[in-house]
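Below, chain A partners chain B and then partners chain C, in two separate complexes.
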Partner chain A sequence: MFDTILSGQIIQYLFTGLTIGAIYALTALGFNIIHNVTGIINFAQGDFVVWGGLLMVMFARFFGFPLPVAFFSVVGVMVFIGAFIYYFNIRPIKKPSILTMIMVTIAVSIILQGVAMFIWGKEPYALPSFIEGPPVYVYGAYIMRQSFWVLGISVAMVLFLTFFFNRTLIGKAMRACADDPGAAGLVGISTPLMICAAFMLGSALGAVGGAVITPITLMEYDRGAMIAIKGFGSAILGGLGSFSGAVIAGFMLGILESFATGFVSSAYKDAISLVLILGVLFTKPEGLFGSGANKKA
Partner chain B sequence: MLAIRNLEVTFGGVRAIRGISLDVAKGQLVSIIGANGAGKSTLMNTVAGLVQPGGGDIMINQDPIGGLPARKVVKKGISLVPEGRRLFVNMSVADNLILGAYTRHGKQKTEAIAETLEMVYELFPRLSERAYQIAGTLSGGEQQMLSIGRALMAKPDLLMLDEPSMGLAPLVIKEIFKTIITLNRAGRTILLVEQNARAALAISDYAYVLETGRIVREGSGEKLLCDPGVVEDFLGGH
Partner chain C sequence: MTTNTALKVSSFTVFIMILPWVLNLSSATAYYVDVMIFVAIHSIIGCGLSLLLGYAGQISLGQAAFYGIGAYTSGILTVRMDVNPWFAMAAGIFVASAIATAIGIPTLRLRGHYLAMATLGFGMIVFIVFNEYIALTGGPSGFGNIPPLSLMGHPIESSFSFYYLSWLAAIIVLTASLNIVNSRPGRALRSIHDSDKASASLGINVAMAKVKIFVVSGAFGALAGSLYAHYLTFVNPPAFDVFFSLKVLMIVVIGGIGSVWGAVFGAALLNFLPEWLVFLHDFDVLAYGIILLLVVMFSPQGIYGLLAGAAGYFFKFIRKESDHD
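And now, the complex of A and B:
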């Protein structure tokens, strides 16, 4: 009897962890895409998630768009915002160094947060599940229907990105810029264009995460920093630049937090995951799965 | 085909190229030799658009290209095989070659690009055996072949090679030189930079000797091979 209750609980935590972990994974992928092409850490990545969620609320609840229309509108707007950020913030930098570009992304993060507060105010917003209905009963656990959406869309995004970077010419060109921007120029690839594409893809990816998670977690203007820290942590744990590492580490971090909340206290969940991230940074900075395979040779 | 007039390049006040003029005619194999630090790579990189000139003109088929970024120079028909190969080391051999034809995608039929790929694989059968190997794991010689193959994928009018023999074993160097001759016999215009002066001069129609950013001697390959000054400085003279 006790066993089944416990196993039901474990499945419950596992699913909660996978759901929140999916968002960390998507955020980590966003970090990796922009890092791989530019070498920078985009501190606005968490704000893309916030904007995705809040725009989804605006389109679906206030404008009354049907959900699929709202979803693709959010992606479209964020692709545009990504290009806008590149064009007006990254491109004008006279002497682009890694450090100046990182400073600029911090500024962009602050601006996005400020504009979000101006538009939506400080209160958290709720969004109905993509498909209404009671939680689904799985082996003694009740799983919210939205969780399946989060997991399904995350898996779809990972498959899409794998295809994009391995099979399409523009995806390959972006990877070439990551390997050697000078050599990319020699074959005719425009590095600025690829950086712009990375920002468009990164912001769209963040927004997808925000749009699918908001029905579960709500969303408010200043959530970006914590999401960015967890997503960045996942990217580091997985080995910065590694897509598969980012996904695995994101899910691990989500599950760890969920179990920490369940068995210890929700008050400690952030502390526990940050201790893990710092621990890895100190002892194995190439990431848990880092073999150096993703490093530049 | 390529005409350079009074080219100047400075790095933070230091003049690396001091008024160089040279010509490469269609179908020729022209080489540039010179000691370490003479400015050979700087010259090649400036033509390719990786380095911005401080003055003078660079023309390809009467079309000025001085100051254009590399991605636009390659569209004018000039491909550089850079010093140190500079492959996309985390990508496969096939992807490196596909990206070599980046400027042709969307403009030309895929069959035309596939044809060039076939030609490159025929030239370097080793690459076709290793099409899906990651470029960074190739041997030095194979990497050099891939770098040349990648440049050829753009179907350049002018192929520029910066020290293709660097760091390779004598047997591999022989192979690379043979390839260069084959390409030139097939009508390809080539500008070659080499430390390996004797081998380079022996296959060149014309050659220039570079010293601290200036051309100090020029002439046909045979003439320079017998030039006492060149023999003294570069050919371990007797």
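And now, the complex of A and C:
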């Protein structure tokens, strides 16, 4: 009897962890895409997630768009915002030192947060599940239907990105810019255009994460910093720049957090994640899997 | 300290001494004395980050943690253990320095984005502890009845007297910072800003120098926090969240990253802006973000840089005019 309860609990935590982890993974992928092409860590990545969630609420709940229309409108708006940020905030910087880029993306993050507060106010917003229905019973655990959407869409995004970067011309051009901007320029690839594409893709990825997770966690304007640091933590754990590493690490962090909530303390779940992230930063900044993609940092 | 700096500091001190009397002439401006107290407190914590960021080139997104440690140590010791407020303040500075040393040694080995994220994470962890360690901190609602600082039996409670106390502390911190800048360690920091490797080859212990200045910034933060706690007589976590860390960053960057004076200008701007732009309510956040963005993009030396540039141009202009005569 006790065993079934415990195993049910474990499956419950595992699924909760995978669901939250999916968002960390998507955020980490967003960090990686922008970092690989530009060398910038975009501190506004967490705010893209917040915006994705809040825009989804606005389109689906207040404008009454059908869900797929709302979803793609969110992605469209965020692609536009990504391009806007690049052209008006990143590109005009004449001497792009690391310190300057950190401060610019922090400023962008503060502005996104301020505008979000202006549009949506301070209260958290709820969104109904994409498909309504009671939780699904799996081996002694109740899994929310939205969890399947989160996992399904995250897997779809990873597959899309793999295809995009390996099979499409733009994807390959972006990888070329990441490897060597100078050489990429010589073969006729426009580096600014590729950087712009990276910002568009990065903000869209964040927005997708926000849109699918909001039915589970609610969303409010100031959630960005916490999401950003956990997404960044996942990117580091997986080896900054590595896509597969980011996905695995995102899920690991989510699962760890979920088990910490269940078995240790729900009050300190964020603190436990953060201590883990700091521990990795201090001892193994090249990531747990030792891909060592980034030695410059 | 050069004579030029000494002149600047002493004329600034005179200005600060006279200011409340001028402000008190009209009931419309008397309230600004209170605002100026926060300018002093924010100048203190800003000076610390200015040394770290502007001179050593090391970013910290976790300064609110030290501010909070100073405030909570002061509050907890005086309220729960009946310690003398001055000792509590010293204890707060000591605790913050110890934590800054422990955190600084592993953290400052990191660079750039990694350092920014690590300090951000540190600030968040401390904030969570303020919220969740309810037995000690009172949790989200915080606690009050923190006694004021007192001098020879007289409590320093009124805005007027606290104004002088906070600005005394701020001017001491400013003077100390200016001295650090023009000292051997200060020059070492500036050389670290340009290149770690070149500094190491000159015999500078780079890791040690970075940790030392981080500890100084932590101590200044704790001093500011302790003043805050004894002035408001109340502490709760929202005052020490991530946004306050970002605000300290804005104070330094908007004020002017190249000079400790920038922190004072930045603190003044960020405290008076919400007073002047009352219609903005909560949206001062948005205004700060836009100003920060504009400063970083178009005027990397901040307000102080702009003013210094304008003053230089003005004097050059005057000199040219007098040449004609």
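Quick note on the criterion: the second predicted complex is superposed on the first by the 290 of 297 C-alpha atoms of A that agree within 3 Å, B and C clash if a C-alpha of one lies under 4 Å from a C-alpha of the other, contacts with A are read in each partner's own complex, and residues count from 1 in each chain.
By definition in this document, a residue touches a chain if its C-beta (ideal position, glycine included) is under 8 Å from a C-beta of that chain, and two chains touch if they have at least 3 such contacts.
In this text, all values refer to a predicted model and were calculated from it rather than measured experimentally.
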Once chain A of both complexes is superposed, is A:Ala126 in touch with chain B (first), chain C (second), both, or neither? neither
Partner chain(s) touched by A:Ser190 [first = chain B, second = chain C, both, neither]: first
Now for A:Asp270: first (chain B), second (chain C), both, or neither, which partner does it touch? second
Which partner does A:Leu169 contact after superposing on A: first (chain B), second (chain C), both, neither? first
Go through the superposed model and pick first if A:Leu6 touches only chain B, second if only chain C, both, or neither. neither
Check whether A:Pro92 is in contact with chain B, with chain C, with both or with neither, and answer first, second, both or neither. second
Chain A: partner with more touched residues, chain B or chain C: C
Considering only touches as defined above, state whether A:Gly182 meets chain B (first), chain C (second), both or neither. first
First, second, both or neither for A:Leu159, with chain B first and chain C second: neither
Could you tell me which stretches of chain A are touched by chain B in one complex and by chain C in the other? 297
Contact residues on chain A for chain B in the complex? 169, 172-173, 175-176, 178-180, 182-191, 294, 296-297
Over in the complex, which chain B residues touch chain A? Could you list them? 48-50, 69-71, 74-75, 79-80, 82, 86-91, 95, 98-100, 102-103, 105, 136, 150-151, 153-154
Within the complex, chain C is touched by chain A residues 41, 43, 89, 92-93, 95, 98-100, 102-104, 106-111, 113-115, 117-118, 122, 222, 225-226, 229, 232-233, 236, 267-268, 270-271, 274-275, 277-278, 281-282, 285, 297
Contacting residues of chain C [partner chain A, same complex]: 53, 57, 59, 61, 106-107, 109-114, 116-118, 120-122, 124-125, 128-129, 131-132, 242-243, 246, 249, 253, 282-283, 285-290, 292-293, 296-297, 300
